């Protein structure tokens, strides 16, 4: 957990950060100049109101920045917070243990689940090991075998999504990244156990969807979900790297927008400023929501829960 | 087909070869010395009787030599002879198309089958490409996906076995050769379509068995089937490379012996001297036997045919 | 694809549509020549067309549109289109440098099609088959809601008719202008293919130049058989994206059909002139019994007025 | 394993057997010291034993026999052996430099066991479990007809009792002296595991130093969970065979448990002192409902006289 560390301010948070610095400076002079107390109070008010207005009027690209915040909780943080005794399961059984895809057995308020999730890595070494959260085909195949395990043993599946997408590399193409994703989509469609997915940071394209075919899909307030990274979208449609903000806006990728489009079921509140300000509280909130969803889904029969999932995805689309 | 080429004599066939050479030489002198006719007739008789006695008294290691004869028909030869329009299916879908394992769709006298088989390769380049008939894990996984295809579409499975075993290499271990073999054993045990296997040359250890869990197992007359290569056996038990013949003898690996042990169901006659003397006839004989077995098995229900196979293997073993 | 290609493609398309209603006028072709992209040979368009748009000299497979593909694969006049009128809407009210609605109109003007896939029921060497053909010439073959919905309905039609399903893929990926809804089409099509597969259906996917992104990573890679056309480039990520990511040059044959074959990703690479025969053979091979066949034939012959998605004669389209 | 090891192993075995019938006499251990293979530390045998035969200094996991293993994993006195009397026959009349029958006797003399696996029903933290433990000390843990049959019967017992199945593997591979019949044990065990899996059974495979050949390529690799002990060497082909084939040196960590973990082949590497707790946790995790649990408990408590393979108290063996 990175909660004990001071949150690193994002670019759009600079005005706040500057104000906070000024307040700090003022506070230090307070013992010598008690008359500054009033100024400090005023600044405190300013700070609060600026903060509220800033976070009430976040642009899509600001959400993206929060979703990518380096101190944002990652899959392993959630798993550990929810079940300190969770059992990690490694490997695809065929040659690779992809660190970008974490899997294991968790117990959430007495509900046993098979959980998988993409993992970005915190330190530089971790990041590299996790390939910055971008799984190779073998990562998806690790998830696949865990999905099959869950289905065999009638255990619900929980998927945490935080990835820019599947890794685009030579080996990834050689080992059939497309097939790995497609097979997961098909497998998840067919399992007869409840599947709940939560987008905790970035939900990037097919690489996110590969563990996202769920009965219920949740998004953290500042997480994003999109068919392509905004950078990719900007470079293709605007032929420019400066139009990322426009791409974010155009694609409607924020949790609120995705909810309005009917693709997800619930948006989970984050602490003011984002999940990185309070890992514990966001983990607790997310867990409550997941458990509620699971409890609902566990009322369905195996065939019903599969049909529910297939019906849900059958309905997506807009045409005349 | 290599039938048009003159059979290369094996070591134990040297006496025959020398006799044949002498006869050739004599024949050339025949026009000048007609009185040699009688000698030639006598030699012809000698040749025939030597040949008979040689092939009636083959030692196990002689069978091994015939099973390994470089002109012996291979899987592709059989497939092409049985169905010139057979459709080859490539790849494990996950990165590799292992040439040591051939797979495809064949029609045998109107019976459609999914066929797989190990392939040794004829030319040096072929041999290398086929890794001398020793599949990598990906070869077994290619067979696995074809087994699943067959099971889905209710098509019988035909397996031709001619391999010294699974390849022992670094990548093979890295990619979990053991798991690839074990998964095939389990999958073949469970399919609900008829499975017929034929050992056409060498049946070497787990690498052979991985495509050998069949309702009916046939062996060509001179083919061999063993838990380890005789070379491996000799080097471990005798700690000597000179005891291969003893190992062949001790392991009881010839078709006749394996039949007596109850592990296989039928031995298919080969032309005198071995399959390499007449590809067409051995292909024809093997096909008749396979078709007969398939016709019998097709009378069983899906559950019966699976139970039949599992019962068959359940019974193997000798203990007090 | 540049404008010249688009135009040539459009011209060709018009001609084919006329084929259906009136005899071919030879003169229309005479003036047309085309240069092979691979061997640079100048080819007489009629010869090229007779050869299924495959260069007779170097076997280069030219991109062809959905209508040409249907003509090549379906028995004559047997294709009855499904959902011919389905069109994209604009769920995101998307605007980049131009409005999505305008881009749609432009795409249709260039391609002569309403969307990037045509779907329908046809016969292939007499065997009733659900056939979908994508068209890279329309909006880069990108998959939005309509492509997803049409492929899904086609699959449902195949389930209903107990017929095999064939989809000829050609796509640059998901259609960004429909955002997350485009992404969901990957799951939607994969989900219905799961139902189709569980029902024992035979699905053959054909990968043609080019097939990338969300299409490859969903229905394109889920075939019981996966066939690629020679030289077709197929992959998940585009070549440029990979080169930028790994900062090195890629081998020349990277992501070609032949590369995929070598890497175990496709069952076979089949030349266009053998494609129909191969498909027919695979379909015949997987017909489990005569009785099922009869059911198929009956349903396809009599069901034009039944079911949720009604087939429509191709001539009636547009 | 050299004779000294064999002997040490045998000595240890005797002691354990006595444990069951009479209280431990401390003096018997005092004289015994053992040197760690890895760190060379001289270890007081009683300490080593208290530490489950794991070097307290460097965590080296000593090979342990089947009886030690059962003692470590099964709840006290809960193990009821199955098929205790089953012995190899000599189907091939096998003779290399010595007769197989003689080698069998020699193996039993050294190991104190009849065969290379002990099987039975036990409790693990109160949960009824079918447990098989192989013993490398008997005939190199090789799998012949008896090992195959006992593992198969154990699996059948687990199916019957709806209990989880655990097999602790340790084997040099198939037993050559039983020829093709040994090979068939790979198929036999895999086949019954298929039935077990289809019945929804939980199978945990534990790979210990060393596990190779026919055992790895059958039941060892078919676990719903696969757990390896630290440092254990596990593979299909032996190191020497591979080096001879590829004519190059292998990396030092090749085929170790940690190497397998890195290459995605095992779920986890678990230290011996955490093994029992981990197994208990996995079993609990996969108990689907309270009702099933009760059935299990009933059957295990009352079924000692039922079924095809009758459990027998361990003390009654030999």
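As written, the chains take the letters A, B, C and D, and residue 1 is the first residue of each chain.
Rule of thumb we're sticking to: a contact is a pair of C-beta atoms (placed from the backbone, for glycine too) under 8 Å apart; a residue touches a chain by one contact, two chains touch by 3 or more.
Keep in mind it's a predicted model, so treat the numbers as computed, not measured.
S.K.: What chains do chain A and chain D have as common neighbours?
M.R.: Chains in contact with chain A as well as chain D: B.
S.K.: Name whichever of B-C and B-D has more C-beta pairs touching across its two chains.
M.R.: By number of C-beta pairs in contact, B-D is the larger.
S.K.: When the C-alpha atoms of chain B and chain D are each averaged to a single point, how far apart are the two points in Å?
M.R.: Each chain's C-alpha centroid was found; their separation is 35 Å.
S.K.: What is the distance, in whole Å, between the centres of chain B and chain C, each centre taken as the mean of its C-alpha atoms?
M.R.: 43
S.K.: Taking each chain's centre as the mean position of its Cα atoms, how many Å separate chain C from chain D?
M.R.: Result: the chain centres lie 56 Å from each other.
S.K.: Give the residues of chain C that touch two or more other chains, as numbers and ranges in rising order.
M.R.: Residue numbers touching two or more other chains: 197, 221, 263-265.
S.K.: For chain B, jot down the residues that touch at least 2 other chains.
M.R.: In chain B, 93-95, 174-176, 179 touch at least two other chains.
S.K.: Output every touching chain pair, sorted by label.
M.R.: Contacting pairs: A-B, A-C, A-D, B-C, B-D.
S.K.: Within their complex, state which residues of chain B touch chain A.
M.R.: Residues in contact with chain A: 93-95, 137, 141, 174-176, 179-180.
S.K.: In their complex, what parts of chain A are in touch with chain D?
M.R.: 85, 87-98, 105, 107, 112, 138, 142, 149, 152-155
S.K.: Quick one: in the complex, what on chain B touches chain D?
M.R.: Per the stated touch rule, the residues are 166-170, 172-179, 181-183, 185-187, 189-190, 205-206, 209-210, 212-213, 225-228, 232-233, 236-238, 246-247, 250-253, 258, 261, 263, 309-310, 313-314, 316-320.
S.K.: Can you list the residues on chain C that touch chain B in the complex?
M.R.: By the definition above, chain C touches chain B via 197, 200, 202, 221, 224-226, 261-268, 278, 281-282, 285-286, 288.
S.K.: Considering only the defined contacts, which chain D positions touch chain B in the complex?
M.R.: By the definition above, chain D touches chain B via 86-92, 94-97, 145-146, 148-149, 152, 174-176, 178-188, 190-195, 197-198, 213-214, 216-222, 235-238, 241-242, 245-246, 250, 254-255, 263-265.
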